[in-house]
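Chain IDs A, B, C and D follow the sequence of writing; residue 1 opens each chain.
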Amino acid sequence: MAHVLGQNQYGKAENRIVRVRRDSTRHEIKDLNVSVSLQGEFEDVHLTGSNANCLPTDTTKNTVYAFAKKYGIESAEAFGILLARHFVDDTERGVVHSARIRIEEYAWERIRTPDSSARFIGSEEVGHSFVRSGQEVRTTEIVYDGERVQVISGLKDLVVLNSTNSEFWGYIKDRYTTLKEAYDRILATQVTARWKYGYSGREDEAQPNWDRSYTQVRRHLLEAFAETYSYSLQQTLYAMGTRVLNNRPEVDEVRLELPNKHHFLVDLEPFGLENDNEVYYAADRMYGLIEGTVHREGVTPVIPVV
Amino acid sequence: MAHVLGQNQYGKAENRIVRVRRDSTRHEIKDLNVSVSLQGEFEDVHLTGSNANCLPTDTTKNTVYAFAKKYGIESAEAFGILLARHFVDDTERGVVHSARIRIEEYAWERIRTPDSSARFIGSEEVGHSFVRSGQEVRTTEIVYDGERVQVISGLKDLVVLNSTNSEFWGYIKDRYTTLKEAYDRILATQVTARWKYGYSGREDEAQPNWDRSYTQVRRHLLEAFAETYSYSLQQTLYAMGTRVLNNRPEVDEVRLELPNKHHFLVDLEPFGLENDNEVYYAADRMYGLIEGTVHREGVTPVIPVV
Amino acid sequence: MAHVLGQNQYGKAENRIVRVRRDSTRHEIKDLNVSVSLQGEFEDVHLTGSNANCLPTDTTKNTVYAFAKKYGIESAEAFGILLARHFVDDTERGVVHSARIRIEEYAWERIRTPDSSARFIGSEEVGHSFVRSGQEVRTTEIVYDGERVQVISGLKDLVVLNSTNSEFWGYIKDRYTTLKEAYDRILATQVTARWKYGYSGREDEAQPNWDRSYTQVRRHLLEAFAETYSYSLQQTLYAMGTRVLNNRPEVDEVRLELPNKHHFLVDLEPFGLENDNEVYYAADRMYGLIEGTVHREGVTPVIPVV
Amino acid sequence: MAHVLGQNQYGKAENRIVRVRRDSTRHEIKDLNVSVSLQGEFEDVHLTGSNANCLPTDTTKNTVYAFAKKYGIESAEAFGILLARHFVDDTERGVVHSARIRIEEYAWERIRTPDSSARFIGSEEVGHSFVRSGQEVRTTEIVYDGERVQVISGLKDLVVLNSTNSEFWGYIKDRYTTLKEAYDRILATQVTARWKYGYSGREDEAQPNWDRSYTQVRRHLLEAFAETYSYSLQQTLYAMGTRVLNNRPEVDEVRLELPNKHHFLVDLEPFGLENDNEVYYAADRMYGLIEGTVHREGVTPVIPVV
């Protein structure tokens, strides 16, 4: 029976790039991890050993660094769109049919110091000094197939905790049930979110303000988590997703993965102590894993389930 | 505009379980990491705060441990099939429509010692003592939707290296090309493989010998890697996939993810030394990432691209 | 030849604890990872199999959780001192001669929302909702030997970067030198700092304000990093250490481990582009590793070199 | 009050090197991670910004790669001794007083295949194809101060498990005790071992066979773990240490760090099932951590406690 080469793709992954914009005494930095993946006419590369259609992964890497210089990095999304378009539109003989650019962005904030060169009154930012900030990583994934651009941005490792306003009861009981119902528990999770933009890269279409959009989606996720009185992490998930859709018209679809980072109340009775929801053991594993998509009516969701 | 709850699933992830089979003086162990994920009628859980349809993740965890005792763990695949069928077929009011069980298995081998209780001549295995072996992790993913079972098994973190018999030349040159053509290079990769079985869980269908199948697929992957004179990692990938399909009729489709773990020849000329393919710097990042599927003709591939 | 049992210690490591202080509607949380290690009369435990002198690691764990309830967690340092004193002073027959408590603390900040229960004008903190903040982990190590307390606090994973004001030249050249001198480079490092307090636990001795001291030491490390025009990472290290000693009289000794996280200027000449210190490749490995201690004159340094 | 620069050291860490020895059709590979650390007359580097005494970390890296070519890598230990001697003895003006070389070595085994070029009967090794093997990493640390060489070798991440022959009872009970005594439990640990060689680098002193010594020490550790009927992990630790000293005269001192990787018996009674030491939950944290040194009488132990 014959064998067939199915879906295949390749590229250089995890190109770590720091881009400095040096405006007089005040610098800006962008700190990215860029992964390139190409699809196209690569059958011969697999079957015959001919590399005539192969754009080397080394070249895709060089292109990332060269583009960072030529065009700057306005935002991860805008940079990814430039790269994806280039690989599809400019590779010789049109052998690249589709390009996917995945980017992680690491946040930095300026170090403030009373003794900075500006020497204003009060504490001042130093123009060229930065400290990594936040736990979360910003992500984006651009796909361009020669016609349309698809942008799915997101974040991961945003760890949040409510120390009250969470219950869990009224669930199915079967022969394997031992869980006690809870009327006041800690709810903690490490948010992975991805959201798809309506933007499709048409010639006449303005790009959203990607950085502002990111900041606002992150804010709405946090606020919805904080303000939702929760009867399950699923309910919190849905509240987070709808909050984003309600507030950010540029977003069509939100996918959330919420591991339930269990905090178990420690039994202190053997020591003659009452534990009034004060002392918890924070467990690593096992964890509940709650995943779901919320999207606008009429939109076909595209964010893949992993 | 209204919002819709799209695809959603939940369950307990990463249930770490060690199962001991104690036959007289010789024990057997299975060391698994089991993740459960359920799909079904969970709209209310998300929208109204009612958990009437929610089988708690805690219960899914209990079920894993109880089943390990009741049925033993013949293999990761057989165990996963039992669990998936249970969650769909036995949960009350049929609210679970589909269950996915992912399992990682960690390999152990017996410690051999000259002084074991059996005290045979020569070195002997101790019946209850084990050492973790190998770098790779065995994986499987079972999906059951009430009708059919789908089994995708695999491995990850299998690190291999050819110190010769690898070339790379004849590729596209563009304005961003700097790579020199290579006629003798190290080829190293960390194999992630997933393969789909033809088995679909029909009543009259015998399960493959899962453990033997795993061992043989692993062997064919290694042999194909070792024996292929390579003009690209893509070519090696295709050789590995077809080798498995040629030798294992129970497998329909093979997906491989092969990061090209670059080994750069160190320039020793400044020190008056010639580097005749002897001294390499092993880089972490960036890396080429080559991915592809090989499947039988007529089979529709189902292993997701990630 | 006889064998001797030398230095030995044991205890429960990585007790993960979250302590909630619930004051009306506004909660406080402490998120710690506590490791206990005991030294004492444990020869028999090793040599004869008698556990008569063994305080089980499980008991040391229980004690951590019980103390969190009984005494609260004012600060990691104060909590560690309580625990260390208990294990030495209260364990029966005085078999524990010395106790070491290591604690990691993870920082959280309140989530601010416009819609919080307090409903003040403007954005408000929600009283029970938190987001993990910062990259760095706060650390402390308490040792108590029945007489004196020693406190070494610190931080790790504080990642900082100067995009200019760093040079490196004038170094030794030998036959293995290829490095070009640099007159404007990125200087980036991931700070691990440990500092010893003068506090020794005498009865009449007030404890420093540990939390304030931590905040201030961290601030001085950041400011010294930002404000030092650097000719080597060693020079920056010394500036950071002295800045702390100059400003924090409660600190006697500072140990710094500064991996030089290399940012290599990408050669863009092959693409007809000039790289005016704008585009860097951020490398993982290898890295320079610079370590050093700065201490007050007359003080014998005690922070171990690892 | 004046400040003093105390202990300090620097060098290039984590130089990843793969060295291929190409003998006709059969290659050998060594896969190392080499870290260099130098002590000496580096005050000015810290205090004045003068690098006149600074041998750049980049040069120490170059030296590692050049030496790998010039001298080959007979063993990690022999290679480390060459490097340490070089940095102290050959650096100009004797500014380097002491050098420490730390090396990790990763194990590979040959891939065997029925179809290798040699085409012998039966399965054959392919001369240039390798698969990473084992979980454990071999380690060594060489220190040379201009007079004496000190070699401390070891291993880490060797994970072992006894499914029976382990008890724990008869321990101290206090008000925080809840642990039940155990008469048949799983004992599992992830061995970190370091052992000091008597070898001191005198001119007339032959180096031990480092590779054989490593293999034998590893074997004795495994055998002692497997054959010891254990009343505590401490007792097992002591048995492992003495076993090495009894069998390997070239070793003076053994340090072991043994995390007690807890396997908790799952309570299956709620499900009407008896758990006869068959089903365990393998916990990540907390873990007992047992550490101890065993040394020959008359030897002053030098392996640092971390």
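What we mean here is this: a residue touches a chain if its C-beta (ideal position, glycine included) is under 8 Å from a C-beta of that chain, and two chains touch if they have at least 3 such contacts.
Model, not experiment: these values are computed from the prediction.
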item	value
Option in A-D, B-C or A-B whose residue-number contact pairs overlap C-D by over half	A-B
Euclidean distance of C-alpha centroids - chain A vs chain D, Å	38
Interchain centroid distance [CA atoms averaged], chain A/chain B, Å	25
Rounded Å distance, chain A centre to chain C centre (Cα mean)	29
Shared interface positions of chain B, touching two or more other chains	15-16, 62, 66, 176, 178, 270-271, 284-285
Graph class of chain-chain contacts, one of line, ring, star, complete, other	complete
Residue ranges of chain C in contact with chain D within the complex	1-16, 35, 37, 42, 45-47, 49-59, 61-63, 66, 90-92, 95, 168-172, 174, 176-179, 230-232, 234-235, 237-238, 241-242, 245-246, 253, 259-260, 285-298, 301, 304-306
Residues of chain C touching chain B in the complex	175-176, 178, 270-271, 284-285
Chain D-touching residues of chain B, taken from the complex the two chains share	15-22, 27, 29, 31, 62, 65-66, 68-70, 108, 111, 113-116, 126, 128-135, 158-165, 186, 222-223, 225-227, 263, 266, 268, 270-271, 273, 275-284
